[in-house]
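Here come two complexes built around chain A, the first alongside chain B, the second alongside chain C.
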Partner chain A sequence: MAIKILAPGLSTTVQDLGRPGYYHLGIPLSGGMDRFALRVANLLVGNDEGAAVLEAVFMGPEIEFTADAVVAVTGADMPAKVDGAVQAAWTSFKIKAGQKLSFDFLQKGARAYIAIAGGIDVPVVLGSRSTYTLGALGGHQGRKLQAGDELALGSAVKSVAAGRSLAESLRRAPGAPAELRVLPGLYWHRITDESGRQFFDDTWKVAPEADRIGYRFRGGRPLGFVPRKQPFGAGSDPSNIVDACYPYGSIQVPGGTEPIVLHRDAVSGGGYFMVGTVISADMDLIGQLQPHTPARFVKVDMKGALTARHDRASLLGRVRAALAS
Partner chain B sequence: MNTRYSFGGDEHIFVEVDEEMSLAAFFKSLSMTNAVRESRIKGVTEICPANASFQIKFDPDQISPDDMLAELKRLEGTAEKADSTLKTRIVEIPVLYNDPWTHETLMRFRERHQDPKSTDLEYAAQVNNLGSVDNFIKAHSGAPWFVSMVGFVAGLPFLYQMVDRPRQLEVPKYLRPRTDTPKLTVGHGGCFSCIYSVRGAGGYQMFGITPMPIYDPNQQIGYLRDFMVFFRPGDIVKWKPIDRPAYDQAVADVEAGKFAPLMRDVTFSLDEFQLDIDGYNRKLEGVLYGH
Partner chain C sequence: MAIKQILSPLPGTFYRRPAPDQPLYKNDGDSVTAGDVIGLVEVMKSFNEVKAGQVGKIVRFLVENEDAVMAGQPLAEIDA
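And now, the complex of A and B:
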């Protein structure tokens, strides 16, 4: 059983829950940027939560099915169509051999997750099917999909009916402006108190340079640095440090001007200071931000970060319970 | 050295062993990460050593951030007592300095450079007061370098020059990063050299190119068949300047599956190195070349 890519969309890649364990060699986690939407898409079609799906950015692909299948699309609001007939989002639907899956224009969000019963069966590389395009690793030939690609499907774990749906109250999307909770730290001490306040007071906008590696933000006031003699090996700019590891979600601000939040395909390290880290509970939201979306960074402490993490876990628990049957 | 701990969100602890780079800071970072690995603390998911710092990723559902922090602080004492010897490898990396591909690339990004009228090598020679590009290449390839970090992108080594500080080459990074760097470029920024494992963006000055692949996601190249990434933190590198015919031959050998890196196992002692840096480096070269 296979699917054929007729048109790839803007950037459609195979992703699962990622490839932990190799960050020390510069190979990042990868996997779905919105892991919640990815998990739900899989649950809706009866897959394991971590089965490989397609992640489509801003624009959906066009796919021909060679066998009957059950499909669900979650994440960005980008209506799926079967031979032109619109299907409900966050809901499983059937598609027959020979039919085409296509998409309407993006209405909200940024990334749609297309799960197919059985999962996308590309080779497992270092424990994952996720695509890491910068390293040409995993997924389908280490790259985003192209017209003409054929992808094999696994066999369905269990058969599920069409029309399984996740209640709207259990879905999650960024607010307006998007609020990203941040634990200050890492090299926070490098900026002045005044700049620290500005960073959280200002409203930023997602820049066009926003991808799986990181999201850049613009529009806030530049940060001022606490003066120091630059340490040996760091480089001359006050935003430089001796090259160090970058946490996922860490916020570097080269030159003090445009914050960059590293995401699933993060560069694992480098020579720019970081003011803190977006908490794990809010990473999925970033994956649904379009360029030019207003966003604010909201300061939290560790207790707040862990509470948010707990809330996310219990939401997922309710989703699992709702889709268990 | 003044070790500083900070949380990177709810899943990481960042440990800065020292603000400035030194081999002593690197060794302490490496021995602390080794101690973390050996202690098998539950909930640890990634252990990432860097130049003068390291990072632990952990699962806060398995161990609370405060407990994780306490465990690391406890290990700091152990790491300080660890002897500073390292069983590692010394590897010869052939380099075609001043090659046509990085030259073509650097000319395309001149407006992002401090000195648009000179090449990266000319600029590096000038800011290090070395008088000429040839002298700079001699200084760059004269002494061995330590792989003090692997990362940025897949398999990219950061290299730290094994000479006393006054002789260490320092060159600022580009004013604004390039959007392109040829694969296998030998670059330099701050006090670090690197080898770009893949083609892509980069801010380091570009000095040359090596014919020796260091990352192969398809694991077809003989010496990368067991694992796709060549370098490990602690490896020692000796650059070997080569000319264009030697470069072309090496590329052909790689393609024919005949290229094998020249490398030897070696035990490195930080204390002995610091007593007589040049003498120790000569001994390391003796191990590499068998004399």
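And now, the complex of A and C:
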């Protein structure tokens, strides 16, 4: 059983929950940028939560099915169509051998997750089927999909009916402006108090360059740095530090002008200071931001970050319970 | 002949020229064939060509150079 890619969309990749454990060697986490939507898509078609799916950004692919299958599309609002007939989002539907899955224009959000019962069966590389395109690792031949690609599917774990749906109250999407909660980091002392306030007061906009490696924002006031003699090993710009590890979610601000939130395909270290880290509970939301979307950074403390993580885990628990049968 | 719209396939930044020092791809009133490029949408460090998609005459552009555009947003009207 397989699917054929007739048109790939802009950048459609195979993703699962990611490849943790190698970041210290420079191999990033990868995996879906909105892992909540990825998990739900899998649950809707009866897969394990971490089965491999297709992540389509901004523009959907066109896919021909060679066998009957159950499919669900979650995440961005980009209506799925079977031979032209629109299907409900966040809901499982059937597709028959020979039928084509295509997508309407993106209406809201950025990334759609296409789960197929049985999952996408590409080789497991370092514990994951996720594609890391920059390193040509994992997924289908280490790259985004192209027209003519054929992907094998696994065997369905359990058979599920069409029409399984996740209640709207359990879905998640960024607000307007998007609010991204941030825990100030180890290098917070490098910027002036006034800059620290402005960073959180200003409304930023997603830059069109934002991708799986990092989400760049612009439009806020530049940061002012506390003067210092740059230490040995640090570059000459005040935004430089002696090389350090870059956590997933960390916000570097090269030159003090445009914050970049490192995401699933991030580089693991370098010489830019980091103002703080977007909390894990809000990382999925970033994956749904379109270019030019307004966004604000909201300061939280460790307690706030942990509470948000707990809330998120309990939301996932409610989703699992709702889709258990 | 009927007025049709050319829609942006992607969200991003719309450019009406191939490079800042180059002339516009097309002007209001120009004739186009289906394969003619009318502009670029920049997103995720890639520049994606937008084609006319049909034979006709461009009535007018509906967005400016470097405007932010949404997927599905009309970019130009074409008399096809």
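Just so we're on the same page, the second predicted complex is superposed on the first by the 325 of 325 C-alpha atoms of A that agree within 3 Å, B and C clash if a C-alpha of one lies under 4 Å from a C-alpha of the other, contacts with A are read in each partner's own complex, and residues count from 1 in each chain.
The criterion applied here is as follows: a residue touches a chain if its C-beta (ideal position, glycine included) is under 8 Å from a C-beta of that chain, and two chains touch if they have at least 3 such contacts.
Everything numeric here is computed off the predicted structure, so don't read it as measured data.
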| item | value |
| --- | --- |
| Chain C versus chain B on the shared chain A, clash or fit after superposition | fit |
| First (chain B), second (chain C), both or neither touched by A:Lys4 | neither |
| Contacts of A:Lys81 with chain B and chain C, given as first, second, both or neither | neither |
| Partner chain(s) touched by A:Leu25 [first = chain B, second = chain C, both, neither] | first |
| Partner chain in contact with A:Arg171 - chain B first, chain C second, else both or neither | neither |
| Dominant toucher of chain A (residue count), chain B or chain C | B |
| Chain B versus chain C as contact partner of A:Pro208, first or second or both or neither | second |
| Chain B versus chain C as contact partner of A:Phe58, first or second or both or neither | second |
| Partner chain in contact with A:Gly233 - chain B first, chain C second, else both or neither | first |
| Distance in angstrom between the closest Cα atoms of chain C and chain B, superposition on A | 10 |
| Residues of chain A touching chain B in the complex | 20-21, 23-27, 125, 132, 134-138, 142, 183, 185-186, 188, 231-236, 240-245, 247-250, 267-271, 274, 276-281, 302, 305-306, 309, 313 |
| Of all residues in chain A, those that touch chain C in their complex | 10-11, 57-59, 105-107, 110, 208-211, 290-292 |
| Chain A-facing residues of chain C, complex | 7, 9-13, 42-46, 48, 68, 70-72 |
| Chain B residues touching chain A - in the complex, by the definition given at the top | 6-12, 14, 16, 18-22, 45-55, 57, 60-61, 65, 149-156, 158, 160, 165, 170, 172-173, 189-192, 197-198, 200, 215, 217, 228-229, 233 |
